[in-house]
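Order of writing sets the labels: A, B, C and D. Residues in every chain begin at 1.
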Amino acid sequence: MTERRTYSYLGPAGTFTEVALSQVPEARDHEWKPVHNVGEALSDVLEERSHAAMIAIENSVEGGVSTTLDALATMPGLRIVGEYLVSVNFVLVTKPGTVLADVRVIAAHPVAYAQCHRWLGENLPRHEHVPAASNVASALGVLDGTLHADAAIAAPGIVQHHEFDVLAEKIGDNDNAVTRFVLVAKTTAPAEPTGADKTSLIVELPDDHPGALLEMLEQFSTRGINLSLLQSRPVGDALGRYRFVVDADGHIHDERMADALLGIRRFSPRVVFLGSYPRADRKIVQYPERYADEIFVEARDWLRALIHGEPED
Amino acid sequence: MTERRTYSYLGPAGTFTEVALSQVPEARDHEWKPVHNVGEALSDVLEERSHAAMIAIENSVEGGVSTTLDALATMPGLRIVGEYLVSVNFVLVTKPGTVLADVRVIAAHPVAYAQCHRWLGENLPRHEHVPAASNVASALGVLDGTLHADAAIAAPGIVQHHEFDVLAEKIGDNDNAVTRFVLVAKTTAPAEPTGADKTSLIVELPDDHPGALLEMLEQFSTRGINLSLLQSRPVGDALGRYRFVVDADGHIHDERMADALLGIRRFSPRVVFLGSYPRADRKIVQYPERYADEIFVEARDWLRALIHGEPED
Amino acid sequence: MTERRTYSYLGPAGTFTEVALSQVPEARDHEWKPVHNVGEALSDVLEERSHAAMIAIENSVEGGVSTTLDALATMPGLRIVGEYLVSVNFVLVTKPGTVLADVRVIAAHPVAYAQCHRWLGENLPRHEHVPAASNVASALGVLDGTLHADAAIAAPGIVQHHEFDVLAEKIGDNDNAVTRFVLVAKTTAPAEPTGADKTSLIVELPDDHPGALLEMLEQFSTRGINLSLLQSRPVGDALGRYRFVVDADGHIHDERMADALLGIRRFSPRVVFLGSYPRADRKIVQYPERYADEIFVEARDWLRALIHGEPED
Amino acid sequence: MTERRTYSYLGPAGTFTEVALSQVPEARDHEWKPVHNVGEALSDVLEERSHAAMIAIENSVEGGVSTTLDALATMPGLRIVGEYLVSVNFVLVTKPGTVLADVRVIAAHPVAYAQCHRWLGENLPRHEHVPAASNVASALGVLDGTLHADAAIAAPGIVQHHEFDVLAEKIGDNDNAVTRFVLVAKTTAPAEPTGADKTSLIVELPDDHPGALLEMLEQFSTRGINLSLLQSRPVGDALGRYRFVVDADGHIHDERMADALLGIRRFSPRVVFLGSYPRADRKIVQYPERYADEIFVEARDWLRALIHGEPED
């Protein structure tokens, strides 16, 4: 009999994060623990209350999720072990009986609210907004009356858990909106490469030379490595100081990636390696032939022969 | 008698934005119009209800202000004409009579809440958080009872407008936290250079070649231009597509800056020039002698002589 | 009736340079003046004794012709106006009656000698070498006895002017050897572009920053300009100081080339523009669409509008 | 008793090459074998007739010595083990009794002749030139009458071996002219670093991507390595194909140099490593602190820990 494991996620039931967690086969039939924020989820992992935590890391509309990126930058001992994509759309829900014409005040998490800007402008131009702590809290606050609002913007999953009337569906401005989630565990050796992997890093730039970002990007480009995410975040101690969150195509076991990581480490005052893990879209990583593993291995053999005074071939 | 002008700002009275506006000498004795959000402030300018709008653009803790950056990227016809810095700190306020030991629920704008994380952890570890729409709304909601909270995180200026008890001052995690504001007007010719100027741009990258960001940065570095802000923002139509908000040291009247702008324009599918304006810190821009204006002028004279077949000196 | 013009070339009759001059239609029926060296040919032009001079500039086996490159670098007031290619091969000639078995001492210009190394090794392994001043002087010296040699390496054309026995033909090591010649006139406006042009420069690098060559190359690569020649030459005052001779695809009238020239001029302590002229092979220059002239023109219009405060489109 | 070794050099006695060989302490009291050309000297080494060969590699006036560079590029199995500098100047010598007013015809090696251009123009403007095979052959040919010349340009050392009248000293155009020589042995492990070392390479560029030279230079610049020689040489099979001779500051045992060599090897179709050896000027190599050996070692340790899932510090 296998051990029962706990997975933390931003709750309550019905959030997009729960949808992401439902995509993890190895989490099925284990305990899912709803938590209140990203920090709590990651603390659960670090303090071994949970085996892993599912957290949102990037949204196609809003960009990198600041609290996640900053938590990963400052809480050592974690590794991303998987990536999951969830289509993001929103519904407008009310207590049974309310109709659209009655809606004056709308409860919504600020991020969700921003994503429904166009629909609201067209359909409820004179509404007021009451902020809520999550896409579920908004709906529950309307249901139980703790939020003074007539309707709530919520994730579609909410109707599976509670009794609501749905006044409108797909009210988000962008039909293709997607949120990217990552599953985070304690530091562990990266899983074997699948050929469709990505590597995540947080890199602080030295502030004493101005071309530092250029130099960081060159560490990847000169080894044929493509970046799928580059997000600046302030370090927080002064205006103008940044760290960068980077997703790079490939695995730390790839020679070109290992070489790029060495280059990054040598010039950055601080690098956080977040992990090498399979991409959610399972797309095989393409790279120029000249950056293949065997080219790196052959060059090392050549160098060794030179140093030992062996004849070149 | 001069015409009376209107200045829009994120209200109500007591916000950090109002503090920023109070730094503008030419706004004194004119009308200050509080608005509810950045979009409204900028619409006031575009539709000529206001002469200019003061908006927050970057915070030393949280980074670029997404809504501002996205509004500037998508609302054409605007120009930044000034920059202002405001030290950001927070107070914990209550209705007169409440003491710290009574505080269970705290109202706070999410950004302010995030910046007081450490103080709250140490002093009120078991608190609950009720989100509010602004640093003023949080306090007013506590005062008038519309927010079910015992205390509010607010900007210090609030106590000049309303009767509160201040339970704690400077509760922000970072003593040096600063927010940068910009004053935005309708498109106009940039003011003359002061020697201490910055130029703001929003640059969309072509997605057909991977080294595009590298190339954009080189347009500046190869002309000796330093960047003080580089912030990625998703374009919003798909994961992995970014635009970049850039603050570059110098003025569009500087030869090196004009040349860099030409380079940027040639390769970017879309560039928004936000303006050249005096830096808030009035620090004179330094650059290598080889990028001085006269070097550019001399090279153009030389090229002209070559084309006309005149002898080289 | 047209004026009779003089063309200087490295003589005497029978040299490869004469073959190059015979490719110039406008030189037909004018005076061809044989001279002794490149310096004399260029002085003829500068002092207006000749309309133009034909000189060898690069050889596919030996590389750039040092004396030509150094003369062009140090004699101001000249422009390359045309380019010509001559297949280079060599014959072994003797006074009538000598047979191969008799040949012990071979007269040859050092460059020609070097190019026949393999044939000589196989056929005359025990020969001695007497250097001669040109590919014609070698043969004439054998004929008139002023060189103590039994045979001479010469250009094939020699047999049209003098009585020789040809002991062997095509004795050069490389069947595809080609020498590139240029026609040089006094400084004049470059001819109109043909679409198949090249631009020649000599660039001295600043010695105070180590990445100077990298920077020079980037001036071309960042404008989509390919280089067909890059030859280092010592400046001559100290070890380690170089100037570079550059042939770039395109014409000074091309926007991208003009922009690159401006960039080069700004950072180089000394640039000699040698001219924009049609390529010998008449191959149309290819370049990425993004470096087309109209892109440059459009960017300038955009910049002008920004500076004048006109609305962006 | 130590074994008697043979050292080949371009003879005969009295050449600058002999002066260079006299700077080699370990060659003292061994056999010095004069040879006729660079190819012969290197063959002596490869076929073990000689322990090492002294050959000229670069001249401050004329640049890289083509025959040496091409021989090193095409004869595998050799290593440079030492570097020596010789001040180059010239004397004008005659048979005893001849005075300057009598001199009409001058014998000179073409390279030496080119370096005395100014002196000859001022002092013997109407002279004729007879080329000679070396700086010694010119003088001997005048002495024994095999060259029809009145005087010879020669190396100063010639007067220690033969009876000449010296008509003029220091007739070279450049007082600081220096020739750089290298001592070449069979392939062997590089000697231990001295801190004042250089590394010599010959790198062929891939012809399928245009920025190849840029990329080669970046392999050095991105590791803080300065180049003291960069000389292009045609590969010889077609116009426009080059190999580059590179002298880089530092030793193959330096981490940054080893890493640069790996980078070069990975992208070049052919690299010849010529050796790491002490600089003639014994000048300690300077490099930015961030490229120190320990930075490389630390980065490798870090990478290894990541791969094994060990916690980061």
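The rule is simple: a residue touches a chain if its C-beta (ideal position, glycine included) is under 8 Å from a C-beta of that chain, and two chains touch if they have at least 3 such contacts.
Please read these numbers as outputs of a predicted model, since none were measured by experiment.
Chemist: Any chains in contact with both chain A and chain D?
Modeler: none
Chemist: Could the interface between the copies chain A and chain B be described as same, meaning over half of its residue numbers are common to both, or is it different?
Modeler: Result for this pair: same.
Chemist: Quick one: chain B and chain D, Cα centre-to-centre, how many Å?
Modeler: 59
Chemist: For chain C and chain D, let me know how many angstrom lie between their CA-based centres, rounded off.
Modeler: The mean C-alpha positions of chain C and chain D differ by 26 Å.
Chemist: Touching two or more other chains, which residues of chain B qualify?
Modeler: As it turns out, chain B has residues touching two or more other chains at 218.
Chemist: Considering the complex alone, what residue numbers of chain A touch chain B?
Modeler: Contact set of chain A toward chain B: 58-64, 66-67, 110, 114, 129-133, 146, 148, 174, 176, 178, 180, 210-211, 213-214, 217-218, 221, 226-234, 236-240, 242.
Chemist: For a test of understanding, state which residues of chain B touch chain C in their complex under the given definition.
Modeler: Within the complex, chain B touches chain C at residues 76-77, 79, 187-190, 215, 218, 222, 252-253, 258, 261-263, 265-267, 272-273, 290-291, 295-296, 298-300, 302-303, 306-312.
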